[in-house]
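Below is a structure I'd like to ask you about.
Per-chain residue numbering starts at 1, and chain names A, B, C and D are given in the order in which the chains are listed.
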């Protein structure tokens, strides 16, 4: 499967989170503790909002731990909202167009998990993608198709609902194909302003996903930790597995919920996939 | 666009054709004379029949001229039937799954040219691919879709007819979309026994394609040329552009024809695309 | 050989110079007009000063024209001083450690040209590199060795003198080896504050090198050109060949001179290589 | 560090050893049991003797487990003598020229281990390489330098003695530099006729290295195992760690010894590094 992380908060040199913590994402590419695979070496990607128009993405098929360019970028790019992803393929080709984040306009999307039965359902799922979006599918992953289903089902107007419809549509398709437990997913999504962190699986046993606690609480808990003392109130990290073993710093995102990180108070919502009415008829 | 070549004949160390001729295919990757682009540096591929089961493919996104591994393989792999292709992308991603040859079972396929309007027709074309073959499409090129259309339309039983139906289907789809001159193609195809070389474009002005002349004739014409004296009667090369400027060695493959290279006398056939009856109804 | 460019001036999204001009550096990677080779497809590099500590480098063995990540970075990184380089190898391996710019501390260095006879002189040249710098040589190019010679011969204290001694040492070594015309070089160097552009060859027939004219003069000459009207007085571009064919915009850097671009008036100096006293004794 | 394997015997499709055994080398790239690192994902290489002149090498910076081309080659290249290596870098760049096997003429060389203190000793070690061989060093690893020292110290005439002198020279150099335990090495070497497997470390606690037992004995021990029944008397495998957990199949190569696999009876010799007289004076 994969691992991912996201940052929303004060502008940060990316390596502060990607390389410097004891169990940062790049370290996880070699030694993941909580993932299905220990090694996530089938490429990686970094997407960030900053200078220039729209989000930037840097994706490579090299393992994250060994890519000299990732080390350079992380040390020299500053961003107040970024997502990073390390990949362990579940069978599809190792190529840049299969690396996360996927991008459409201002949107970035990452996925850890799998669509079981994707090989046999791929055609049906791709047919449900809006024909105007179909040519934008460049790779061959389940994740990219899920993202394009969400785009097709109204991501711009109703992000959570669109992802619920996308996942619901995958589940409805799986039922027709006789595929059990089709969806296993922790997903990150951003439009550059807000950051959504979804945790869901059909069987209700999803991959781990954590967010950092309230910054003020973290500062109180760890008065001696310089790095943590620099956290500001709006700073928030989302991670597949904790970046360090520090009590009180990480909160588990619950099954079948989505965390919305945004200016002002963040929000927790239930996440209840259901197929869209029109698509169910396909 | 691209350039390609193919060999059918006595077992040959591949570099004899790929690297050693004055204007071999690797040289063409840097300096093509007859192609639309001078440079064909967006990856390459080599497919060969030899040891092991079925054809082998080696594909890379590096330019052919600079790939150390291609030089190694070409110098150390012997084959009596191989195809090589150098790519100049017409817009789709530079990735291994977009490099030719494409393979299915014992089949290898290469294409130089373009499907105009592919971006907008991609969905319709992919829908016509047999659902059992759909998941095997790994890349995003027009060429791979054309190959899978041919596989869907009976390549195993009637190779020329299947390619005619594939191209015919593309032309019919283009007509519905209002796309002019949709197909520009020189194509190579092999099942390990025979080699088909197609030259066709909707507008009747196709990319160049040549085959070597009858080996006996070449030997008579160039008694002083050691390399050519080693040619045996069944040896035949197909090339996008001649590997060397030698009188009497190259024969132009005519517009809208296909050359079939096989044990015994080779054959020239007309090539007349027409949409398959069932698919036209989509 | 190669092509390179550099910018010093107001903060700029890098693509403004790398991709947008009609004959920008990435276009030159495919179609160079003034270089020895038309194609500069054996990797590239971008070095910039901006966020984070010291200069950043992004180097890749892909051709610049086809690298999706370069397009992303150029569109989303802003810098007031950067150098870019496209490579056409003169024989050494295509690998990231052979791509320019080379970096040491705050220094960036690019080179277009060749050290003739480098293969046979490599050992002697490397021996003259300061032993403490020797392990920092990661690749196998002549350019990286020249850079490390300059570092060994006092780059920090006397940049022009150090490069003169480095080139002088190469020439003295060549003489001992009986190599004619050893140095062909246009070189760019920066410490993040100033930018040096050297043009020199032993035979006095150097590769082309241009700088943009005085910004005020350019604005007066092209009142209708919006892009040029945005130029500020301290803005200066250095290029192997002009980015566009605009009268009065480009000034040839003279043979055996070095242009120093810096806050305040820029400077032209003669460039007169001579071997350092101590090294000549090796 | 790394893992490697070698085959000498009847002609074999390479995947039979590289991919098919339960714990084949490609599986070890992801999950090594006996190595210092679990993951050996920093590139790999395959060298084989077969068609064409001299040995072929295929090297890539991709992890072995994910390289589609390695899978192709292994399934379609047959060889009676080959070496394969998977790399875990100890600090030097991930690039093809740092991947094993290294080649010179008919020689192939692989190394698992490290030269401690290499960074500071690199210059002294490279200076001892014969000046005529110096320019052939393309990468930046300790292993390539050790190989070139062996070539400089008489590999062609006295392979074991030359490697003893190379390692001895490294140890003598380390002593001058105050480096403890400089050499940790299991090494494979072949000239296409014979195969040498060295196991040595200065401290006498070397990385594991095994060879397969006498083929007749293996066949008697495992009458039900079809694959093993196909072994012929001259077949021999050398591996960093066993390819499968089968009693009586693997023999540990002893500390400070070298196994010589050759037509007729194989030989075990002591391996006793000592600096060559002339080089010690440097």
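By our rule, a contact is a pair of C-beta atoms (placed from the backbone, for glycine too) under 8 Å apart; a residue touches a chain by one contact, two chains touch by 3 or more.
Predicted model, so just to flag it, every value in this text is computed and none were measured.
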Given that chain A and chain D are copies of one sequence and touch, is their interface built from the same residue numbers on both sides (over half shared) or different ones? same
Between C-D and B-D, the pair with more C-beta contacts: B-D
Rotation angle superposing chain A onto its copy chain B by C-alpha atoms, nearest 5 degrees: 180
Euclidean distance of C-alpha centroids - chain C vs chain D, Å: 40
Junction residues of chain A - those touching two or more other chains: 68, 93, 96
Name the graph shape formed by the protein chains and their touching pairs; answer line, ring, star, complete or other. complete
Residue set of chain C touching chain A in the complex reads 13, 15, 48, 50-53, 56-60, 68-69, 72-73, 75-78, 96
Which residues of chain B touch chain A in their complex? 92-93, 95-97, 119-120, 122-123, 126-127, 131, 134-135, 137-140
Taking the touch rule as given, give the residues of chain C at its contact with chain B in the complex, in rising order. 30-31, 38-39, 41-42, 61-63, 65-66, 68, 89, 93-94
